[in-house]
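Two complexes follow with chain A in common, the first pairing it with chain B and the second with chain C.
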Partner chain A sequence: MTFTLVQVIVGGLLLGAVYALFSSGLTLVWGMMNVVNFAHGDFVMLGMYVAFVVYTLLGGGPLIGAPLATLLLATLGVIVYFGLIRDIMKGPMLAQILGTFGLALLLRYSVFWWFGANFLSLPENLVGGTFDIFGIRIQASRLLAGVVALLVTFGLHLLLTRTTLGSRMLAVAEDATAAQLMGIRPDGMQAIAWAIAAGATGLAGALIATFFYIVPTVGETLGIVAFVTVSLGGFGSVPGALVAGLLIGVIESLSGYLIGAVYKDIVVYALFLGFLWFRPQGLMGKT
Partner chain B sequence: MRFSHVIGVFSAAVMSVALAGNAAAQSKTVKIGGIFPMSGNAATIGVHVKHAFDVALDIINNPHPELGNFPLAKNGGLAGLGDAKVEIVYADNQGSPATGQNQALRLITEEKVVALTGAYQSGITLTASAIAEKYSIPFVNGESVAQNLTERGFKWFFRVTPIATDFARVYYEFLTDMKAAGNKTDNIAIVHDNTEYGASVANTIATVFKEKGIPIALDVAYASNATDVQSQVLQLREKKPDVVIMISYTSDAILFSKTMQALDYKPPMLLADDSGYSDPSFIKSAGKLSQGAFNRSSWSLGPAGSPTAVIAKMYKDKSGDEMDDTTARQMQALFVLCEAIDRAGSTEPAKIQAALKATDLKPDQIMMGYKGVKFDDKGQNILASGLIIQLQDGENYVSVWPKASAEKAPIMPYKGW
Partner chain C sequence: MRRTLWLLIALALVVAYPLVFTTPFQQRLGALVLLYAIAASAWNIVGGYAGQISVGHVVFFGSGAYAAMGAYAHFALSPLIGIPAGIVFAVLIAAVIGGPTLRLSGHYFSMATIAVAELARLIVTNTEYLGAAVGLSGPTVPRNVFDMSFISALPYYYLFLAILIITLGITWWMTSSRMGFYLRAIKDSERAARSLGAPASRTKLYAYMLSAGLTSVAGALYAMIFGFVDPESGLGILISVKILIMAALGGAGLLFGPFVGAAILVPLEEISNSLLGGKGAGLTFVVYGAIIVLIARFQPGGILALINRLWAKRRAKPTEESISKEASHAS
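Presenting the complex of A and B:
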């Protein structure tokens, strides 16, 4: 019993790290420009397909797939910013929501058209199988995703708090007009923010692809978790997303095991709503 | 005054268009509505069914003497309606019962279809067929197995597939035989999602087994389209059931196989209830992790040259995938519907309904391994039946039970990966 419980918690932490990994991009875009990217889940999906194509064409694992997905998605992020976001940001909130939602559907059904609706999957042993530590099973692919989640969170946090680029980005986020008067081009900063956010999301997708199924609609399944993680962690807070991701992962696993899987979403969302009652800005969000 | 004039002229125009459209349909094409998941997580089902229906329409609308006595194959079109061609108008149910209902309404009122088929997910068949009932349009279902669909006293709903109770009995008899052969089968766990399909099938199996004196030891319910199933697998690993019955759609089925491998859990026997485990993309994605999984089926490829083998080959050429049980059952429903329309010699819904009620197809007139097609008062096919297949090599299912129709002997225990 206790033994299995340890496995449940370990599994929950690994799951939570993955949640954190694919939520960081969403929280970054929100923090930088108050835009909710509803296409976020589909960016994850694109990252997964990049990993799949890299594997089928080159036989390469995430060592090639992950950097390539990061690069491609970062490029896409810049294109999306200049092609769509920059203009719809001037419009009402509803235009932003529908704009990114439209983008989500465009991406989803383009992939659908190109790859078809079939479920795809990468081989299980692409990332070194499974470790067995005193009977506790840890999948290498999930561990890798977890470690990368920590690194990405730490890296983004350092970037925002310790570098000139980060200060400029935050300045734009705070007050774009004032930043412009100080000689910072808001456009450039926001494009960089989109590149980083989309790149991190692509990276997440490529890593998740090593242990999850790949299908054009997978963004729907994963997207909701990302939004919950980000609002629990506090919109715009990268470390908040990490803590929230881990929390949700562990609570989901524990409640799924102890109470029953069909109730775990009820437990997670009830706790989530209860928490937001007391702290609407989330764990680490700005008041 | 002027406004009502406009309205009057407009409605006259609409009516004449509608009437003209109807007259044209009478003489040339028979429009049938097909409601299926074309997007969402079950979209692969919609893709397969479209290929299958293309093949079925080819058989119905063009002469295919190589199919022998198979109904509707001989000449081009429906002989009973002056060789009228059949056309399918598709609608996407998006995996949502509300959408399925709206699409049924659209197909009936705007597209003027004479009958409906679909809608894969039991929960959507439930809502879509309620609209057909309201508008007195025949609804022929080939694949939804939730018990209650034919318990609603509907007059326009016909179901060709065997249902949950039929399969629960098949499972019971199969497990009894396996026990007689020396396997442990008393401690049974059911893993199922919380959709109409998952919940009702689990409930039916539990009821049938309880009646036979074997209560289900563990019930693991989960929300479908899960992001993670570790806790469910760990629950199974701890309780150590002899048999795990899996009732899951494709996405969850793949996730379960991957997670079982990651957590190194193999039940001694894994028995799947069709759906996800029959999806060819499940076999491609996770078949090698699920070797030895038992599954139910009503589809088995006949000898070379038989109508089933010919149809399977046509389907493979069209879609690139092997024919699977779900797709074949959907295709069979379309044949049953078209055969009834042909016999009715009319596109009038009431005449089609009467013809469906009089349907009596023999085993050599159908493509499934049923004992035939004949509907009872509730609209359920009383001759539907099934067999057990096993994914022995992780690539292809072979029939293993009952012995009479088995290609190979069942292999125990579950091998996994």
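Presenting the complex of A and C:
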């Protein structure tokens, strides 16, 4: 019993690290330019399909799939920024919501059209087998995904807080006009933010694909997970997203284990609403 | 005067449509356009006029659909009896979730409404009484006319038309009443409206409840014409998105905007589905997505706003100044 419980919690933490990774992309864009990307979950979905295609065409694992997905999605992020976001950012709220929602439908159903609605998956033994650590069984694929996601999310935090690039991005987030007067191009910084955010989703998607089901509509669920994570961690905070992501991974696994798999999403959504309604600044946000 | 004339011509065309286009496919298509026009017009009250972009209106749609089918399946009552029950249920839900949700602004409101809708879908999917994942349907053999299961789409067409006219009438009455002025003020700037003494929270809540009730009627009508409801067709997030997109494509915040949007998108979807078959389902939404992105990027006011602007330009050839004035009057 205790071992199983510990195993469930560890599994939740590893999954939660991946949640944290793609949610930090959402929170970055959100905090920096006050744009909510409703297609965020579908970006993760695209990352999963990149990993799937890499496997079926080249037989390659996440070692090839993950960097490729990161690169492709980062490119997509820049294209989306210049093609859509830059213009709707200044428009009315309806245009922003419509724009990213339309993008979500476009991506989701293009994949649906091409690959069909079938549930796909990568072979279980693509990444090692199963480890036995102190009696706790952990799949190598989950371990790899969790550890890489954790490191990259932490790296993202360091990038934002410890480098010149990070300071420039924060300056643009604070006041784009003032930043421009200081010689920082807001356009360039925001495009970089989109590249980072989308790249993070690509990486997360490729990592999660090694053990998750792959289906065109998976982005809907993952998108909501990202919203929950961001609202819990505070809008715009990467460390907040990290803590919240881990927490949600654990809560999801525990409620799935204790009260049944069908109820785990209900718990997550209820938690989300509870936070939006009663503590919109998140767990660690300022009042 | 001129406007009334145009309206009468449009009304005559809509009334005459199923008498001119008599194939079952065409009549059914007409009925579906009217059905979605009702739902989108109901959404327009809170999404267009009040500027609160709800992406969870399917909750109210589902209340109506499940009330109608529940009355039919569980109590062998006419689905018509379900309509008032659905309205009451939807308005109650709106009153309960409206309080905390309408306090959220912008994206946060939209996201909260998505979460409510998904929560409702998950709960219904796990509720045996409501048919769980299979859904509810009526008895296979209709017994009398009140079962509302007609083979021809013609009775549905005129029923839907009557309800659409009522919905638009209520909307028009609302916009020209005190509440409409409050809503416009809130949409422009909630803070300014509040500081001038407009009861913003209460007005938004009333609009939300009104919109919820009307949306539930659309849901009940949907259940009648299709004869069944399941979590995907009654509470799926795509229904919310469709409703929202039709209103936005036609022109959110304009009386006839949602109707114009429905008249464009419903035929597009039905025709592409029937031409492409099963493969078309995906492609239809690809086209949907592309259209939405293009509207958001180039014409966020919707098609009707564009037409109004061109019309004003052609009529008077006025200066730049009066064009923008005209446009702001129209919206």
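The rule is simple: the second predicted complex is superposed on the first by the 257 of 287 C-alpha atoms of A that agree within 3 Å, B and C clash if a C-alpha of one lies under 4 Å from a C-alpha of the other, contacts with A are read in each partner's own complex, and residues count from 1 in each chain.
As a convention for this text, a contact is a pair of C-beta atoms (placed from the backbone, for glycine too) under 8 Å apart; a residue touches a chain by one contact, two chains touch by 3 or more.
No experiment lies behind these values; they were computed from the predicted model shown.
Participant: Considering only the touch criterion stated at the top, classify A:Ala270 as touching first (chain B), second (chain C), both, or neither.
Facilitator: After superposing on A, A:Ala270 lies in contact with chain C but is clear of chain B.
Participant: Based on the superposed arrangement, let me know which partner A:Val262 touches: chain B (first), chain C (second), both, or neither?
Facilitator: both
Participant: Have a look at where A:Thr177 lands relative to chain B and chain C in the superposition and call it first, second, both or neither.
Facilitator: Neither: A:Thr177 stays clear of chain B and chain C.
Participant: After superposition on the shared chain, which partner residues are touched by A:Ile97: those of chain B (first), chain C (second), both, or neither?
Facilitator: A:Ile97: touches chain C, not chain B.
Participant: Examine A:Thr2 and indicate which partner it touches, taking first as chain B and second as chain C; both and neither are also allowed.
Facilitator: neither
Participant: Touch test for A:Asp87: chain B only (first), chain C only (second), both, or neither?
Facilitator: second
Participant: Touch check for A:Thr164: first (chain B), second (chain C), both, or neither?
Facilitator: Neither: A:Thr164 stays clear of chain B and chain C.
Participant: Go through chain A and flag every residue that touches chain B in one model and chain C in the other.
Facilitator: Dual-contact residues (chain A): 109, 112, 117, 220, 262, 265.
Participant: Across the complex, what residues on chain B touch chain A?
Facilitator: 39-41, 43-44, 46-47, 194, 220-223, 225-232, 234-235, 237-238, 250-251, 254-255, 258, 261-264, 279-282, 284-286, 289, 417
Participant: Please name which positions on chain C make contact with chain A in the complex.
Facilitator: Touch residues, chain C against chain A: 47, 51, 53, 55, 100-101, 104, 106-108, 110-112, 114-116, 118-119, 122-123, 125-126, 237, 241, 244-245, 248, 252, 279, 281-286, 288-297, 300.
Participant: What part of chain A is in contact with chain B in the complex they form?
Facilitator: For this pair, the touching residues of chain A are 1, 4, 7-8, 11-12, 15, 109, 112, 116-121, 124, 130, 132, 137, 139, 142, 211-213, 215-217, 220-222, 225, 252-254, 256-257, 260-262, 264-265.
Participant: Considering the complex alone, what residue numbers of chain A touch chain C?
Facilitator: Residue list for chain A touching chain C: 36, 83-84, 87-88, 91-99, 101-110, 112-113, 117, 220, 224, 227, 231, 262-263, 265-266, 269-270, 272-273, 276-278, 280.
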